[in-house]
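Take a look at these structures.
One chain, chain A, links the two complexes that follow: it is found with chain B in the first and with chain C in the second.
Let's turn to the complex of A and B:
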């Protein structure tokens, strides 16, 4: 390619980066600007400080984080062995499992809520309204995304051969899962967990319809009372989700870089 | 030649006898194993050879416990293992696909089986280093699988399989994914190590050169059955069935007439192997190296093409009746001929196999 062609390509690339970056960052900058407005055009962190001083908000944050963590763990416990099993012992069940996992994406939240209300009315009474029962429905909600991540991870390794190699060396199924499969799915498991946490942090409809005060529900209520604090909390939640996603990208990216370098080294040697 | 192992090699365990008795295994309408019976003597390396889908890998997987036969028995060292799960069979296996655990270094891979057996850290490290030295990769112990070439990975897989001192070593086309040179080197290395350790070994391959070069005996399988099992030279020179004759080595198919246990081919009478078809019109299976060519003015056969293969040549010749025959000659003889050269064709008088025409 000529120097002029390369320069044109470079300009196009930067233009795309600036347009996309602007599209994504401008709302965040606007949120930061709005949430730090003080009196008479000054800047103030009052709205951010208020986050820590509102007991309802703090409780909602803690509750939502607990729900997110439990959802991620529950999803992994349910999904990793199930999908792995379809790869190892029941390949014919791959499609049905995938179909079941994708269902929540096709069913509107309101329909899901109507369906689960009878069960949740029992659960709510049994747990005296503990919002952690939302974990069950949240696990269902994250299935489509988590399934994709774990399935992609399993496709990237020869799971059947690795399991058979471990079995021939004397490993029982639990060891195969924990010592061989899970460590090699680290990236996929982390990605599925992060997606699940991000989804739970942003989930509003079902919590609201079931009358549980999660972060998004409280932000919504706050927005009606104090728009500045609501925007500050929203921005904080977004930043938290971004940090999580960048964290996983860094971990996975480090692994990929190392792989590329060492493959080159092996080829040279 | 069958190796009898009287003492333990570096694995510390002598070979054991293995018996696969009347194994049947079906996948729907497909009979992968159809009454397979195969016996391995202690310390012997048997190569199972056959086309894709003949059941050789199913047989190996049944022995490993990775596939359950529908009926039949698997006896190893006098103990019935038919219903024993794979992780309790004490067998080392090397797979066709690179099967090293990506999350472990080469040394940890080799030591993994020992870790499962509760061997202390120091002993398993020492043992892993011994095995790495055995396969010539001592310096690569700290590397991860993605830092190793395909040949190195298969060597490590071999070391890992041997580290647990298996009763039986199972090799499932371990060289298939490697390039020709690495393949040849590793093949020789596998043989060297197997002779050194004396572990009874079942080697599955679809590559006849590999099977003939490695096996004490070679078993040829077709449609889930063992067609013939014999030392390589016997299998090649005295095939028991038409399938074996055609599958092992290159073969010319020449029509001739059988009478009195001999067949008339290119004006000669050649004795037939037991099991051959006849009397009457049959198709004789003749090895290219059994065909002799002599340039002779006025001869009625003509060279069609000459293929130079380094130390030897393959010469394609048209017989007077229009049939084509391939002869294998030395490079000097082959290159002295060219398309159109008139040649006299003769066939070695050693017994050959014939099938119904």
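Let's turn to the complex of A and C:
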């Protein structure tokens, strides 16, 4: 290749980065601009301040954060021991477990919600309409992403040898799981938790159709009344997800390399 | 896969070698009992709802077996048109997203896995791919809506007034543009590994044999990337086909696509004899997505032949 050819290639690459990247950045810039408009062309943070002054919104934010945290914990409790066990003692069930975890991709949330209504009408009555009950279905929604992160983590460590060593030194199975394997999966666990939290923060379909006031449902209602505040909250939620994912990748990067790679892999999946 | 089984059976203390059927049953239980909570949970919250949809699609309002709902969907022009629009929207946004995202992935992949630009793009794509739904709809209204940034800029500087006829953003055109937006980052994420699989040696071999840049792409890289690219298009298709929230908060009138019609069937009052319309529509969605994902799995196997 000639130098001129190479330069042309690099110009093409940069042109693509600028055009496509610009398309991706434009709505984000527009959100920042839109949500900081004041009277007569001035800039103001009124819409951002108004976020904290809307009691419905504040309540929805707290509820959604609680749902997100519980979903992450529930997902880990359900998934980490199960997938680890299929690596250690029940390899025959590794594929079936994987299949079930990936199934929610083939059954979209809008389909799932149709079938979950009868189950949730029982749950809603039992919990008197507590929105935290959404945790059950949110765990299902995050399964494909969480499975991928945890599975990648397990593949990167020699889980069989670790367990073997611990068992031969007299550790029981619970101890092997929590004190030997879980610490070695730190990166994968973190990645699975982060992706679950990001997903729950953006979840709308199911909470809307089951009539629960989660963050996205409230933002949508707010948009009809005050578009400026709605855009401000949307951008805030997005920045929060960015900070969560970048921040954890950064923290992990300071520690072990493996952790960082696992997180990148999980974010990428 | 089964390699660890013999090793685990020799583990000291795990299985007291008493022999006999009782201990064998205990060993079986010891192996599979820890998996019961997972299977129970998934059965209750994933398989049971799916089963309810599948069965409900073939039931009348009173629960008796009936093809009523299915027939209504298949013969109702309203529902068929919605499927048509859903497929078209998913296809166009998948193709546009695959081309733009694929080009973008190629442009940032140059630096190799360690490149700064690439790292930022991957991380940002990870967040933006989840950035669907309500937030994205508002982002587009802030951009192209009545008082949006681009609308105002165009009006004040060039004199083009988008807001005069800005119903396009609330219709299928707007949906296609918005859907393409969340397809691009997903494409970057799924297509980068395929691009990484292209070896420098193949390019060198092609050029040292006198091949031009065109020959390389036409005869080497193209055929290798083709299954991955098509697979990604299918994944993007399924992604758009399943989306609900973006369309819900953007579309102002009617329910042009299938997910919106399901939502309408669920929340609107039940028309006589149409109690299970939502389930029949949901069944239709499952069929489309399962076919698409089946093709995707097939193409993934083809693609992995060349890419480790």
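As a convention for this text, the second predicted complex is superposed on the first by the 229 of 269 C-alpha atoms of A that agree within 3 Å, B and C clash if a C-alpha of one lies under 4 Å from a C-alpha of the other, contacts with A are read in each partner's own complex, and residues count from 1 in each chain.
One rule holds for everything that comes next: a residue touches a chain if its C-beta (ideal position, glycine included) is under 8 Å from a C-beta of that chain, and two chains touch if they have at least 3 such contacts.
Quick caveat: nothing in here was measured; it's all calculated off a predicted structure.
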Go through the superposed model and pick first if A:106 touches only chain B, second if only chain C, both, or neither. second
For A:26, select first, second, both or neither according to whether it touches chain B, chain C, the two together, or no partner. second
Using the touch definition from the top, say if A:167 reaches chain B (first), chain C (second), both or neither. both
Chain B versus chain C, judged by how many residues of chain A each one touches: C
Per the contact definition in the header, classify A:209: touching chain B only (first), chain C only (second), both, or neither. second
Partner chain(s) touched by A:175 [first = chain B, second = chain C, both, neither]: first
Quick check for you: in the superposed arrangement, does A:35 touch first (chain B), second (chain C), both or neither? second
Please indicate which partner A:65 is in contact with in the superposed arrangement: first for chain B, second for chain C, both, or neither. neither
For A:50, select first, second, both or neither according to whether it touches chain B, chain C, the two together, or no partner. neither
Chain B/chain C common contact set on chain A: 164, 167-168, 170, 267
Within the complex, which stretch of chain B touches chain A? 64-66, 85-93, 95, 97-103, 112-113, 116-117, 143-144, 146-149, 152, 157, 160-161, 164, 170
Considering the complex alone, what residue numbers of chain A touch chain B? 157-158, 161-162, 164-172, 175, 180, 183-184, 186, 259, 262-263, 265-267
For the complex, give me every residue of chain C touching chain A. 1-5, 7-8, 11-14, 30-32, 34-35, 37-39, 41-42, 44-46, 48-53, 56, 100-101, 103-104, 106-108, 110, 117, 121-128, 130-143, 145, 147-150, 181, 184-185, 189, 192, 207, 213, 238, 241-242, 244-245, 248-249, 259, 262-263, 266-267, 278-279, 282, 285-286, 289-290, 293
Residues on chain A engaged by chain C in the complex (per definition of touch): 1, 5, 10, 12-14, 16-17, 20-21, 23-24, 26-31, 33-35, 78-79, 81-82, 85-94, 97, 100, 103-119, 136-137, 139-140, 143, 160, 164, 167-168, 170, 173, 198-199, 202, 204-205, 208-209, 216, 219-220, 223, 227, 230-231, 234-235, 237-238, 241-242, 245-246, 249, 264, 267-269
